[in-house]
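Structures are listed in the sections that come next.
Next come two complexes, and both contain chain A; in the first it sits with chain B, in the second with chain C.
== the complex of A and B ==
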């Protein structure tokens, strides 16, 4: 890695001694010698294992649940259903006013995606818990399911989530998060070219080495300690207290060693039910996703479908950008309403475009709920925007680097969300990457600067 | 069989911290009797090196060596609130909380040193090596070890500080989307070079050459670690990964690493990286969040390079050999 100190000279503080220098990561020796203690390395006498009975259907009504045979499996200690969960319906961002609560900890009236958790089995061994889970008998009435975001928004589509009453999240009375800046239709009418394209991504997994999980241990004084690999201790603590109707001070979260996060450990799925199980049995309880659960049941990155329509002039200026974006939230909100707003805020990318129209839809489907993942709301948008930029540059025969520099935002420009640009540095990144790749630039692009727009 | 080469580029920016703000983090700092400094957090180090960078930020602010700083974190019984480690927020939010706490602790440390040296606290400087002396008179000096002992046992003073950082929440205007999503943005540009096998549709990434503007690289090797790790994830997104290969159809979902495809070390390209620093006005020593962004620019750069190589646009991720091959066949039809 090299530094380019010739950009933004004079803006950096020079007299620092402790920052700006490389120091070895504090955990690296433990990791490479196999000595690091993860939550699952902790040993507790009398540990119970929790295994979930999961929905085999994408969408179904639960007619009955029969646990009698499962209870007879040797080693089974207790079986939990929705009736055991004090506040069974929650949503993770309720404390920052994302509403409504829309997800059961344990499903009871219906299931909304394949793999949804319904019954928790607690047993002395993993094998006993698994055997018993297989013996829980659930009768379903299969319902029609919807898997496509645009199908889900059509009239007559199966209703995925009754707590929303429709298959999308409502943003202050609007059916999507919107941005309106200038007049795109007028600009399209005057543009030399109008280019409309569609982009699509599939869900992907965080693929951590260590699967999501926790162990909850009853302390001597009616408090409970949870050893977890969560990325956010207080999300877990606060949501758990609300779900269990528990005083907050009864709960303690200990974490800090995570075998791969990438956003996959920001949900609050394993801890509340493990806390509940430990409270009801007065025994330590471990709930750990199997690799299959991590891949198919834990939240992936949302699939997104993005339509971009651009107005382009022959000289390379983009005069209008209209974006219609669909986030496939799956069956429940989790972090998707937040990510959808982030997607709207990100448009039209790091470019100054005078007319912008954005509709970002957070859509419910009968799919594994999506949630946080590295860059969500931005990563797939950038894929769409930057492939679109390549197409536009080629259409008018302009070098793609020069095209980026021409349209890149500069300090003082106005963004579509009506915030003035400060601290821009896209132009310089393009210039430096061009240098590195020996990609020739014209003089006008070489002397361009984020500090001011050349006339 | 023909292998065709192509190159493509992409440029991106990335906001630091939770979108719309409203995501506080706190830090508490206290000195031990012997002049070590304990930073108490509830933040989680995901393995990216948060603890190391936080120790560096604390040390720089206090004016002590980083080795004298202990990071105690990830226990809700002891650590003050942190929103969590996500949204490229750790360095910026927690770093700023630590600077605030360390400034308060430093003021007490200098007060005690001033009383011990019988000088004015305003005349004192730290040497960064474990001592405090009068500006311009290095011989009139006291070690931080002795300052801490004196604070505890002679003056009855707690060398400690409290810090919090909160970017106040912005509420988008529902009609227009007028909002403040973030206060600073990192930037990147990547040039990808690929080789496409026109018989199998397989894509090999030959090189990724990128420039990253990060505000300030607080620990350069850890910035590079983020860049390489992120780019690897970007290659994986672009060409390999999905839990639903025939989305929106839910069939054929992988359940283990035999079925869930990812590039291995042998699939890594040549990397060349350049770092640019334009300090953020509200960043700790100018730093911006760079963690998430590093996965983003390689994805479209690779897609554009594939088009450059074989004239096929694959506008859906991942760009599998099947999709590339179908595209090549459609061109030749």
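== the complex of A and C ==
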């Protein structure tokens, strides 16, 4: 890696001596000797295994749950249903005022996605827990399901999540997260070209090498310790305390060693139910996703559909950008209302465009709830924006690098979010990339600077 | 559950165990012997995190029945170097930032050890082939491949160690 100090000379006040220097990880000796202790690298006498009975349907009403046969399987210790969970309905981001609570720890009246957890079986062995889970009898009334964000928003679409009452998250009274700046329609009317394209992505699974899981162990004095591979220890602690109606000091989280996360271990799914199971049985409990569960039920990156309509002048200036973006939250909010806000904050990309109109919808469907993953709300938007930029450049026969330099933010420009640009560096990044790729730039692009817009 | 006796060599020491029939070597190592250096990633033979060395060859311990290890020589990451010392592969993985979350690292190092034992001077393609059964999700394969090549070079020329 190279640290180019020749940019922004005079404006850099720090020496940044660590940038570009390789430092050994503090935990790497443990990694190469096998001594790093992941959550599952522990043994506890009397450990119970928790296996979940999951919905085979995308959308169904639960008519009845019968655990009688499952309870008779040798080795089964206890079976938990929604009735056992003190505050069964929660939403992870209630901690940052996202509401309403919209997700059950254990489903009871309805299932809203395939693989949703309904009944937790606790047994002396994994095999017994699995056998018993297969013997839980649940009668369903299958309901029509919706899997497409735009279908879900049409009148008459099946209602996915009653806690919202509509198939979208409401932002301060609005049906989506919006950005309004200038007048896009007027700019489209005056533009030399108007280009409208649609982009979409599928959900993406993090597929960590270590699957999601935890072990909860009863300590002395009615306290419980949870060894977890969560990426969000405090989210987990707070949500568990709320779900179990338990004082914080009874709950202890131990973690920080994660065998691959990428945002996939930010949700709070395994810990509350494992805590509850340990409290009710007074025994250590392990709840670990199988690889199949990791793929089927852990939150993926949200699928997105993005419409971009641009007004473009022959000289290369983008004069208007209208974006309609749909985030497929799946059946529950988890981190998607926040991710959708990030998407709105990220549009129209790092370009100065005088007229911008953005609608970002957080939509509920009967797909697996989506959540955090590396730059969620931003990455797919960037893909769409940059493919669009290439198309625009090609349309007017302009070099794609020079097209980006021309439209890039300069310090002092006004962003669509009514915030003045500072610390812009896209022009220099494109120049450096062109340099490395031996990509010829015209003199105007070579001498362009983020510090001021050339006249 | 029926138990059967198994005698094998584990990290150069004689090991005698009663194991449940049908149980895996992975389960014996982790749940019975507390050797957690061998990781469980998928329990279905697809990720390579549970790789151990049996009679000089890499094997997936999640698909290996414990009872089939009778008379075999098993090496896990814990047995790669004497206590307090590091195998050149371990040193190279440390120096080359070839272990980020560390979960695939034991399997990667053992798969690489098998390669270097039979081929001390591998090409890059041969390294890629040797770790093709081991999935890494965070470090990225490039630093891992580079570390294995660096270790191979160091092992061939022990007198000319890198500074």
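Here is the rule we use: the second predicted complex is superposed on the first by the 442 of 455 C-alpha atoms of A that agree within 3 Å, B and C clash if a C-alpha of one lies under 4 Å from a C-alpha of the other, contacts with A are read in each partner's own complex, and residues count from 1 in each chain.
One rule holds in what follows: a residue touches a chain if its C-beta (ideal position, glycine included) is under 8 Å from a C-beta of that chain, and two chains touch if they have at least 3 such contacts.
Everything numeric here is computed off the predicted structure, so don't read it as measured data.
Asker: With both structures superposed, pick whichever of chain B and chain C touches the larger number of chain A residues.
Answerer: The larger set of chain A residues in touch belongs to B.
Asker: Scan A:168 for contacts with chain B and chain C and give back first, second, both or neither.
Answerer: Once the two structures are laid over each other on A, A:168 reaches no partner at all.
Asker: Please work out whether A:233 is in contact with chain B alone, chain C alone, both, or neither, and reply first, second, both or neither.
Answerer: A:233 contacts chain B only, not chain C.
Asker: In the overlay, answer first, second, both or neither for which of chain B and chain C A:260 touches.
Answerer: In the superposition, A:260 touches chain B and chain C alike.
Asker: Taking the superposition as given, does A:40 touch the first partner, chain B, the second, chain C, both, or neither?
Answerer: Only chain C is touched by A:40; chain B is not.
Asker: Applying the touch criterion given at the start, work out whether A:22 contacts chain B, chain C, both or neither, answering first, second, both or neither.
Answerer: both
Asker: In the superposed arrangement, does A:326 touch chain B (first), chain C (second), both or neither?
Answerer: neither
Asker: Where on chain A do chain B and chain C both make contact?
Answerer: 22, 24-25, 27, 31, 207, 258-262, 291
Asker: Note which residues of chain C are touching chain A in the complex, please.
Answerer: 30-31, 34-44, 46-47, 49, 76-78, 86, 90-91, 93-95, 97, 99-106, 109, 135-138
Asker: Touching residues of chain A toward chain C in the complex: what are they?
Answerer: Its residues touching chain C are 22, 24-25, 27-38, 40-41, 43, 206-211, 258-262, 290-291.
Asker: Name, in rising order, each residue of chain A that touches chain B in their complex.
Answerer: Touch list, chain A to chain B: 1-4, 7-8, 11-13, 16-27, 31, 58, 96, 114, 147-148, 171-174, 177-181, 197-205, 207, 230-235, 237, 251-263, 266, 291-292, 295-296, 300, 303, 328, 338, 341-342, 344-346, 349-350, 358, 365, 367-368, 372, 374-375, 377-380, 382-387, 389-391, 400-401, 404, 408, 416-419, 422-426, 428-437, 439, 450.
Asker: Across the complex, what residues on chain B touch chain A?
Answerer: Counting only chain B, the residues touching chain A are 7-15, 19-20, 22, 42, 44-47, 49, 51-53, 55-57, 59-60, 65-66, 71, 73-77, 79, 81-86, 128, 169, 172, 174-182, 184-185, 187-191, 209-213, 216-225, 227, 230, 233, 237, 241-245, 247-250, 253-257, 260, 262, 272-281, 285-286, 291-293, 295-297, 299-301, 303-304, 307, 313, 315-318.
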